[in-house]
Amino acid sequence: MIKVDRLTKKFGGFTAVNEASLEIAAGSITGLIGPNGAGKTTLFNVIAGVHKPSKGHVYLDGEDITGLEPHALFHKGMLRTFQVAHEFFSLSVRENLMMVPDEQPGEALWDVWFNSAKVRDREEQVRIKANEVIEFLEISHVADELAGNLSGGQKKLLELGRTMMVDAKVVFLDEVGAGVNRTLLNTIGDAIIRLNKERGYTFCVIEHDMDFIDKLCDPVIVMAEGSVLAQGTLDEIKANEQVIEAYLGTGLKNRVAS
Amino acid sequence: AEDIKIGVFLGLTGPLESLVANMAPGAEAAIAEVSASGKLLDGSTVTAIRADTTCVDAAAATSAIERLITSDKVSGVVGGDCSGVTTAALTNVAMPNGMVMISPSATSPALSTLEDNGLFFRTAPSDARQGVVMSDILMDRGFKEVALTYTNNDYGKGLADAFQSAFEAAGGTVTISSSHEDNKADYSAEVGALASAGGEALVVAGYLDSGGKGVIQGSLDTGAFETFVLPDGMVGASLPEAIGSELNGSFGQAPGTDSEGAGLFAEMATGFDPTSPFAAESYDAAALMLLAMQAAGSTDPQVYKNNVMDVANAPGEQILPGQLAKALEILAAGGDVDYVGASNVELIGGGESAGNYREIEIQGEEVTTVGFR
Amino acid sequence: MENWLNAFALLSNFVIVPAIAYGSQLALGALGVTLVFGILRFSNFAHGDTMSLGTMVVILFTWWFQSMGINLGPLPTALLALPFGIFFCAVFVLLSDRFVYRFYRAKRADPVIYLIASVGIMFITNGIVRFIIGPDDQNFADGERFIIRAREFKEMTGLDQGVTIKLSQGLTFVTMIVVVAALFWFLNRTRSGKSMRAYSDNEDLALLSGINPDKVVAITWIIAAALATIAGTLYGLDKSFKPFTYFQLLLPIFAAAIVGGLGNPLGAIAGGFVIAFSEITITYAYKRFVEYLMPESWEAGGLIQLLSTDYKFAVSFIILLLVLLVRPHGIFKGTGV
Amino acid sequence: MSGALRNISYFVVMTALIVVVGQLQSWNLALSILNLCIISAIMALGVNIQWGYAGLFNVGVMGFAALGGLAAMLISVPPVQEAWAVGGTGVLLGFVTAIVTIAAAVFTFRSLARGTLRTLAIIVVCTLGYAITRSVFDPATDAIESVNPASTGYLGGFGLPILLSWPVGGIFAGCAAWVVGKITLGLRTDYLAIATLGISEIIVAMLKNEDWMTRGVKNVVGLPRPVPFEINLQQSQWFLDLCAKLGTAPVTFSSIFVKLCYAGLFTVVLLVVLYLSEKALRSPWGRMMRAIRDNEVSSNAMGKNIKARHLQVFILGSVVVGIAGAMLTTLDGQLTPASYQPLRFTFLIWVMVIVGGSGNNWGAVLGGFVIWYFWIQAEPLGIWLMNLITANMDAGSALRAHLLDSAQHMRLMTMGLILLLTLRFSPRGLIPEGSAKR
Amino acid sequence: MSYLIGEGMTGGYGSVDILHDCTIAVDKGEIAVIVGPNGAGKSTAMKAVFGMLNIHTGRIMLDGEDITALTPQARVAKGMAFVPQTNNIFPSMSVEQNLEMGAFLRRDDINGTLQEVYDLFPILKQKRNQNAGELSGGQRQQVAVGRALMTQPKVLMLDEPTAGVSPIVMDELFDLIIDIARTGLSILMVEQNARQALNIADKGYVLVQGRNRFTDTGHALMNNPDVRRSFLGG
């Protein structure tokens, strides 16, 4: 579904992504892991059109989408979350979700001024959808709170919630789990699996929580220093010496006995 | 006897505020003089009420004069200053309310033809006349080629246009005519362009404490010009004071036939600079208005508007600054006066100053009158 | 050869020297704006009037010194009065911070609120200055006026064209260099300077590092007041002092600070020069200059002026636009709110 | 006090303030203030659309208002036949060559590949075009400007009803906004601010210096009015009859009548603009705009086309400002290019928006009213204040004289104080964003 | 009495209280961990302890001294250090300057500590001259923790220090925290990687809706099935 072909991204003299090539199969939940600074987020940003690549191409279903604007990619069914939450701070939580759906008649001034009925109908549908998502993310009690006043983890949930507002083809999740309560994260994981199974969404997930990766992802791609280091099932990856050294480590050295 | 109020409607804030700082007290001096004399309309007192034209904001000026006329209930308005706000105030407020306005400084030729129901007068001559006078002075002094800079408002532009056509008609050449904006940070660009165009002298149709001064200073410093031609907005004691001996030899003209009125005015002025441009005209505007009331025996603008021309012009006894009490007496006795005042007022046509000029030259760092035109 | 020298002298006299002097003046003003923006993160519209307030105090002290017969010989007496001006200006600015800005800081207000509040302060300062010294033009320069005069230059070199350099121009230029160097050193090398940068970067975290925000703010204001007074005084010495002009100075100063890159001291200088040079070079009439460079017989048909001085302001803004289109954050990358 | 109640009470107090002026000073003054309050409110709405909805820091308000003013003049003034005769064709030809030049430049840009050649070709095309344009344009404008310069010296306008100029003013401003937006909307806040400020200065510089079009600093006075002239009213019988019936003096009432006519027209515009703005703000469109303002990166990722939306809102706001500009010139009855000063036309409007409460239409309207009211009333207030202070002073004292003499400068100070006090007590504006909503 | 106590804290950001009589304490050489669902008030409690938020009842005691009225910067001078959950770096200062700012109040030579931080987070040494705002999420987190370590505090408060850092760095961080605690410092941290954190904790707090729900030793909480199911992800 997504094919990344020898993609390079440089910031000044520094190469954040270096000739990375990978593929995300349609219908898969692909994990993307790697040490801090490996270039995972940068890769996402290039795919999603936030950064222009220095070299290389990105294809969506065979179509070259390199360098398209993010809003154009959204219309092609590609959604993403941000590692650092990018909430709309002066909108309420519900409004944050309601602004997402595409081609709302209420976003054209003509309809707003002269076709209120149509606007109202659609608005009602969107509101229902938003309430479902809020319910699911267990943030009903802050549904009317300004998003800027949410706790760190709630913002991450909202970030995820926005991708659930529309029917997407492929969703990129950048560390949705960081800062999210583990019990809730399990529920989120279940939802992702369900969306994947029932609706056929493709996911690409960056995470540092191996339990979460374990639960969801197959295959897993490991990045290091801008390039793809390894690829395979999680078990294969866990056995990979290089990956252990660069990323996974061997656990706590000096545990305290209580 | 009543308590008469006169509006002083000038740009107390805004680009002309530094000139107005001397104009408003000028007008108030005449008002105070008349009030103190106790001879106006059986011992009426007169008070001045200030209002701000802002010089540039027509909307604010309109509201300000609206307040003067409809709320403070003034019997006449001395002002406005800048032509833009003056026309707005006149057409939108003064005319509908039948109020007399005497402007000390709106010199735009366009005001001559504006329909005013006989309510508008001015003690400053129209630029058209001054342009011709200035051209004559230059020709007589043998200047054939000058550079010209003017402040980019109706006063400067009007004067520059009038001068240029007169000068060129007389066979002179204007090497460059370029505008400058007042109160700006720097005039090097203007000086550079003027210097490059060259000329025997630089005509500066600006204001003496603002862009005009800046351009002269810059030209002297860089050695671009040595002689400057100074029209009324540039004539005042503060200019040679600020610039110093280098200005000696520059010349120009200002309204007035003899220096007597101006001299008297200078003596009586306290707390403001009587030689500042339009200060004398302001005094005259106020004096004229009050004398007209006395002549008409009424403070109703619709009545006394017909007396303004009479008191301003011959026949009658000549009245100088400081002699307002005398004039009031004469008028009360049914006599006739010819108000000369500080700037030698002579009104013609549609109620504007005839434009008699004294030719001045800067000698020994002072403005000296060297002749009359 | 002589023609070339003459041409160069001509250009120096009418373009290069004035542009450098004017550029330095703008740069000094822009430094104050840029500093407040860099540390306190808002565009301070009161800066022009702060300049006029500081200068007013300097003038009053200068007059007092002059009346007592104290002077600095060839240098203007105003330099002696400068510390007093800075002191009073700083007191005023600190008071305005205490009674106005501090409240919004506690509220975490939007930068635009500070901006509008600074408009309020501008009006008030404006009123105070006109109240004390009046709206008139004031002269307070004394001492030597010129470093070199056009006439002397011609005698010295035997050229047709002279070059004038005023003492005030020289002073401004030197001061500008010194002030920028000092500011740069202060911000990057001293503890206080670093704490100021940290504060501007992340106010909360600055607290967590033990930085006292009140002190940072106070230092910023004191430096801004000093910069304003110095800039205002030098400007007044070179031109003259008139409150309204200082208010009008605000625009080119902001333009300079922004083309240079807001919040960056070097940017203020670059910006000042960009504005000054574009104003002067584009509206200069190159007729004489070209005549020197061309063969004897050649005579210029017109003034060879790219644009009339009517559009002087417009020109500097067009240049500004062009710069911003190429470098959206100014010449030296500035910060943006 | 609940939010809604407080907001209503603000408007009640504002009305009361105007009534007080009517009672204590004069109704003429009160109406004159009211009319400008309405115009200010419309301008503030325009700025609020840009800043409050979308966070676009447009400091070029002055330029758009000036374009509106230009429209008022061009639409209403009768053409100057003589000027058209001597220079009309030249000017039109000049426009044609200018357009051809731009077209040629665009064509060159499109047809050549990126590189030095293209740059050079474009420079050549532009220089040539500029030279040719100037060579047809300059003689024509010179000719026009020398036609009776003291009273005309320009082409005049179209001699149409001046009311038509209000929408046209909006269109002028909108077209300019399109160009400006295309160029500058990529810039961030303060940089956008100075860019728009610069453009507005350029627009005003053109109005001031292109005498063939606007008479420049010589002003065009005596524009036709959409309402009757007071003098005519004072002479018409029906009006005198009406006065007799109402028992008022014809002179005073004629002024009041005219002002009421204006007030009626302005109110209609204000209500229409306010209705449309409110509707837009409370719609998904408004929500999207606020989202864009909060975070461009993520709203872009949510499928919103930031550039297009910014351009849209920039144009909308500018149109509103342009309409208000045309209305103002209509009310003044003259086009005074020199009166377009940033302090008055840009910063004052900004003060209105912020004091009123940015992001809230009612706030912008209230801000327009409050600030304009005090902008005018600060003068008598300042004088009154000074009189109060000096009341107990020795009549001859120099300090007293000085204080009274400086009263006018107290006007700005009073304004400053009012501004700071309002902001102090409602730091997010009198009617903050969102307060009327939930 | 514990070294640092936030006792009976009640308060919030505006009119609504977020914390309700919440108590958090940590002793010398101890590690205390706060866990709980998102929005429970964990970060709020930390801020309250650091004086970045008004509490209307309750008090904060440090080493027996009531510091409730002190400003945050004064608490820093008393030897407290805090890594907030968000906005925890100076984005337009370089990594090294960020670390230097941590040592702002120190007058002694900071090079030793700087070296220790670089040893702990080698990537930061590589990036020392880069602006912190240009770092990856995990790298920023390392800068934030590094900055706090630079203060050489007596109490170290960390709000989700391991969010977004890779497993290997997380392990090292926990190792370090244990080491630090052994030198006699008090450590108070919020964690969502709760099992790892409780594993090394002497004391654990479970906060729900601004109230203390469970308080016990780390291991006891880990082994409490209720806690596991509801808060630790099973």
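Just a few scattered comments:
As written, the chains take the letters A, B, C, D and E, and residue 1 is the first residue of each chain.
To be clear about the criterion, a contact is a pair of C-beta atoms (placed from the backbone, for glycine too) under 8 Å apart; a residue touches a chain by one contact, two chains touch by 3 or more.
Quick caveat, the model's predicted, so the values are computed rather than measured.
Counting only chains that touch, the fewest steps needed to get from chain B to chain D is 1. Chains making contact with chain A as well as with chain C: D, E. Distance from the centre of chain E peaks at B, each centre being the average of the chain's Cα atoms.
In terms of C-beta pairs in contact, C-D outnumbers the other of C-D and C-E. Centre-to-centre, using mean CA coordinates, chain C is 46 Å away from chain E. Between the Cα centres of chain A and chain D there is a gap of 46 Å.
Taking the mean of the C-alpha atoms as each chain's centre, chain D and chain E sit 54 Å apart. Between chain B and chain C the centroid-to-centroid distance comes to 35 Å (mean Cα coordinates, whole Å).
Each of the following residues of chain D touches two or more other chains: 208-209, 409, 411-412.
Among the residues of chain E, none is found touching two or more other chains.
Residue positions of chain B with contacts to 2 or more other chains are 13, 152, 179.
Chains touching one another form the pairs A-D, A-E, B-C, B-D, C-D, C-E. Contact residues of chain A toward chain E in the complex are 11, 14, 34-38, 40-42, 83-84, 138-139, 142, 149-154, 156-157, 175, 178-186, 208-211, 246-256, 258.
Against chain C, in their complex, chain D makes its touches with residues 51, 57, 183-184, 186-191, 193-195, 197-199, 201-202, 205-206, 208-209, 342, 347, 350-351, 354-355, 358, 406, 409-413, 415-417, 419-420, 423-424, 427-428. Per the touch definition, chain B reaches chain D in the complex via residues 12-13, 25, 50-52, 54, 56-60, 62-64, 66-67, 69-71, 82-85, 87-88, 91-93, 95-98, 108-110, 112-115, 117, 128, 152-154, 156-158, 161, 179, 271. Chain contact summary for the complex, chain A toward chain D: residues 48, 50, 69-71, 74-75, 79-80, 82, 86-91, 95-96, 98-100, 102, 104-109, 112-113, 119, 123, 126, 144, 162. Interface of chain C with chain D (complex): residues 37, 43, 45, 100, 103-104, 107, 109, 112-113, 116-117, 119-124, 126-128, 130-131, 134-135, 251, 254-255, 258-259, 262, 308, 310-311, 313-314, 317-318, 320-321, 324-325, 328-330, 336-337.
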